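Across the two complexes that follow, subunit A remains constant while its partner is subunit B and subsequently subunit C.
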Partner chain A sequence: MQDKITGRIYKFGDNVNSDIIIAGRYLIYIDPVKLAEHAFEMLGEGFPARLRSFDILVAGRNFGCGSAREQASTAIQGLGIKAVVAASFARTFYRNAINDGLPIFECPAVYDAVAEGDELSIDLAAGLISHSGRDYEFPRIPESVAKILQLGGLANYLKSTLEAGAAPR
Partner chain B sequence: MNMVEKILARKSGQKSVAPGDVVLTDIDLMLMHDLSANFVMKVFENEMEGASIADPSKLVFAFDHNFAPATRDAAEALAAVRRFAAKHNVKNLFDSGCGSIHHVVMEAGLVTPGMIVIGCDSHTPIYGALGAFSTGVGNNSMAALGFTQNKGWFKVPETVKIHFHGTPMTAVQPRDISQFLVGKLGEDGAIYKALEYAGPYIESLDVNDRALFPLQAIDVGGKCGFVNPDDKTLRHVRALFGNKPGTPQFELFQNDADCRYAEVVDIDVSRIEPQVACPPTVGNVHPIDVAVGTPINVAEAGGSTGGRLSDIRTLARCFANRRVHPGVRLQVVPASRDIYLAALKEGLFETLHVAGANIFPPSAGSNQAFNMGALAEDEVMISTQARNFPGRNGHPKARHFLASALTVAASALTGKITDPRTLR
Partner chain C sequence: MSQTIAEKILAAKAGLERVKPGQIVDAYPDLVMSHTATWRSVSVMKKIGAKRLYDPNRLAIVLDHISPAKTEKYAADQQTSRNFAREYGIEKFYDVDAGIAHLVLMEHGHVKPGDLIVGTDSHCTIYGALGALGSGIGYTEVASVWVTGKLWMKVPTTIKLTLNGRFAAGVSAKDLMLYLIGTLGADGCGYKSVEFYGSALPQMSVSERMTMANLAMEMGSKCVFIPPDEKTSEWLLPRLKDPASYQPVFADPEAVYEQSIDIDLAKLTPMIACPHQVENTKPVAEVMGTRIDQAFLGSCANGKYEDLVVAADILAGRKIDPRVRLIVTPGSKEIMLEAMRTGVLATLIESGALVTNPGCGACAGDGGTMADGEVSLSTANRNFVGRMGSNKSSIYLSSPATLAASALKGAIADPREFLR
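Right, the complex of A and B next:
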């Protein structure tokens, strides 16, 4: 995972559920590219193509609620999205994103401040998100969990710990 | 500590845990339905190459959406899971027609109090009604950490206690109360939280009705839900093993008298009217008045929140010597084979068949419209299912209302959404 994530944002509202992110009928796929072809298509004409010109998704409360489908975070990665910042996340999405290696940040103040197309810069080491000259702190992910994200997901994390001869205890 | 904290502490080998701690615990049971099993399997085979399954007896596959696969793709996916199960010696494979996953697992006696259960299904928290800690996870959690090491990571949740008291009005069913709670707290009302359902009303319910509450914990953003286990829980678990030799050993974890809550919510159930979740989301819950009179095309008693024996009995009582309204398709989907058999023996299916209803094989019913339940553009369904998001059942403009079995029955009788209190 990079130390700094920057780019243009697309902004959603509250309670974006996983059926909106990727509809149930596409759960026959697991490949990020294939899933991305149908991501957010429920939102109508122009989706998901429109989202490909953005780098970071910003959303309100409870992003990713509803079904536990891991394909929701996979589909977002398939769109080329580098991070999701939300006022809060649904816990299944939060967990899936970390296990999938999709960086996510909880920061209600950023949601309130930004508009579609704005530039954001996320400094992971400093724990800060910058927008129009202002810095916003985000709560750090617990260290043990952050390690999974840093290594690009749970499968990679386990492989690396197994290779190092130290299975997680 | 409360029940959830005690289980997480025991299973992570610690004396105590507190909200916010991240723990790595043993897992007792891992559940996958036919929509998730195939992917978990692929993640395991592709990303964890060469790894083996630590304990195949802890895995459960239940094919609940495809009661008989309708497409070649679906047939191939199920066949691949059957091959995987045979290769890795996974004995707990419940094939098509078994019922709805959590009812199948509960009835098979696979969950006992004190267990940690994870499932690739967001409604997995249901086992909190049995004194277990259970929650929904994604494919990676299951395949990587669960399959290979019987482990899972969890952040210990804060707990919100919902204290229910009072006696419900006639025609108000437990589903109305559990649905009311989703509307009251909101879909983001308890994110990451454990929800404890307590109070005289909860104590008065049997375990099958209590289960509706943790089942819907996810619909307010909760990590898990539970009822502090009592004598009723124990009797229910023992009854599951009544006809089999030897009830497995289990440990009962109960709340300490001084356990702390992030919040306590008080609900007087005597003031709750029949409830309906209107499109487009599960949290859009209102007293039935707002929807009364809406013409319907499909009515269904089925799914994890509505294909129980009590729901089918409710329907049969309504339709004794009465007919389903012309133009309405009434779909009855038992949640397990045991329920199917009991309904058959009680003559409920004969009553419903004569009334004009269609009886479907035990399954998840119209959930996500895999084998059934697709709607055309202008169609309206009212069901006991758990979710009503647009596009989940056919056309994105089709409308899906969620309600109790009694409200579903009353509506199927009149052809429009009907307040069950007006039933003669």
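Right, the complex of A and C next:
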């Protein structure tokens, strides 16, 4: 995972559910590129194409609520999105994003401050999100869990522990 | 110190004396459920080169979402799941004939009080109906639990809901939950455990408790707990392979709750969730007369035997509006058989219903697809845009009683008008 994530943001409201992110009929795929072709298409014409010119998604409360489908975070990554900042996340999306290697940040103040197209810069080491000259602190992901994200997701993490000989019985 | 049920069960599964909210523990679930998503977890195992399972007896696989397969891709994925179950000797494997995973696992005695259960479905909270903690996870994490036996879990804070009084005629557990979701919001219980108590509980059936624990997910709950009682043991004991394993766990009387809410069931009226959020709830009276094209009676929320009976009681001897397609999908094979034996299926069919095989059915987009501009009324747990087809169609959610009344009228109707 990079130490710094910067880019233009696209802004969503509250309660963006995982059916909107990727509809059930596409769960036959697990490949990020294939999933991204249909990501957010429930929002209507122009989607997902217009999201491809943005780097970071910013959303309100309860992002990713609803279904536990992991493909919601995979589809977002397939669009080339580098991170999601939200006022809050639904717990299944939160876990899936970490397990999928998609950096996520819980920060209500950023949601209130930004508008579509703004530049955002996330400094992981400092624990800060910068926007128009202001810094916002975000709560760090617990260290034991952050390791999963740092290795690019749970599959890589598991592979590394299996290879390290910490094999389960 | 006194503990909530989430604290108690997570401590036990993590091998710790006690835990506190916010603490992260490595917990070892008693059961890992995977449904139609199983093939994806199998692909993760292949990708990471893992060959051994922590404990094959802790796996349960039910092919419920698109059953039977409707395309070659689904067929191939189901074949992968079937082959995996065979190769690893998974005894708790249920094929496309069985029904919805949650109901099948409870009916077959694979869920008992005090258990921790995770699975590839957000509605795993339903296991709280039997006094177990259930929570949804993704398919990669399921593969990880298959291999390592454990996962990290944050100990949640807990909300206590106390139910007193009795439902008025025509009002049910579904109306209670729609009322709660509307009041507390889609994230009103986000990251939190929910425990139900109150003088109303002893009268509530296991089926009603399943509806409650299931729908609690729609306010963000991480897990749900309804204390086991005589109703629980009566329903569950004959289903357990080892009845001695029935050892209910309870929260301590002095446990600390983040919030306590009291509800008087007598004050509730039939409720509807309007498009396109479950929290967008209204009393039925406010949307009465809204035309519907399709009515879906099914899902893990309300596809149980008692739900079919409620609908059949209203539909008996009557015909649904010819403009409405009434699709009935029994939640499981057991439910379908019972409804067959008691004549409930015949009543439904005679009223104009189309009865499908057991499973998730239209709730998961398997049949019953909606065209542009169409309106569906459903007893399921989600009304998100496009969930049942076109993103220009819309979904309302209701109880089985409201659904049956509305199918008769061809428009959203108050079930109290049709009670006998």
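Basically, the second predicted complex is superposed on the first by the 165 of 169 C-alpha atoms of A that agree within 3 Å, B and C clash if a C-alpha of one lies under 4 Å from a C-alpha of the other, contacts with A are read in each partner's own complex, and residues count from 1 in each chain.
Keep in mind that, in the parts below, contacts are C-beta pairs under 8 Å (C-beta built on N, C-alpha and C of every residue); 3 or more make two chains touch, one makes a residue touch a chain.
Remember, it's a predicted structure, so these values are computed and weren't measured experimentally.
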_Should subunit B and subunit C be called a clash or a fit once both complexes are overlaid on subunit A?_
clash
*asked:* Is A:109 touching anything from subunit B or subunit C once the two structures are fitted on A? First, second, both or neither.
replied: neither
*Return first, second, both or neither, reflecting whether A:23 touches subunit B, subunit C, both chains, or no partner chain.*
both
*Is A:146 in contact with subunit B, with subunit C, with both, or with neither (first, second, both, neither)?*
neither
*Show which residues of subunit A both subunit B and subunit C reach, each in its own complex.*
15, 17, 19-20, 23-25, 27-28, 30, 42, 61-62, 65-70, 88, 90-92, 95-96, 99-100, 142, 144-145, 153-155, 158-159, 167-169
*Sort out for me which residues of subunit C touch subunit A in the complex.*
24, 37, 40, 43-44, 47-50, 52, 54, 71, 73-74, 77, 120-122, 135-141, 143-144, 147-149, 152, 154, 186-187, 190-191, 220, 222, 277, 279, 364-365, 382, 384-387, 391
*Can you name the residues of subunit B that touch subunit A in the complex?*
22, 24, 35-36, 39, 42-43, 47-48, 73, 77, 120-122, 124, 136-141, 143-145, 148-149, 151, 153, 155, 187-188, 191-192, 218, 221-223, 281-283, 368-370, 387, 389-392, 396
_Considering only the defined contacts, which subunit A positions touch subunit B in the complex?_
14-15, 17, 19-20, 23-25, 27-28, 30, 42, 61-62, 65-71, 73, 88-92, 94-96, 99-100, 142, 144-145, 153-155, 157-159, 167-169
_Of subunit A, residues touching subunit C in the complex_ = 15, 17, 19-20, 23-25, 27-28, 30, 41-44, 61-62, 65-70, 88, 90-92, 95-96, 99-100, 142, 144-145, 153-155, 158-159, 162, 167-169
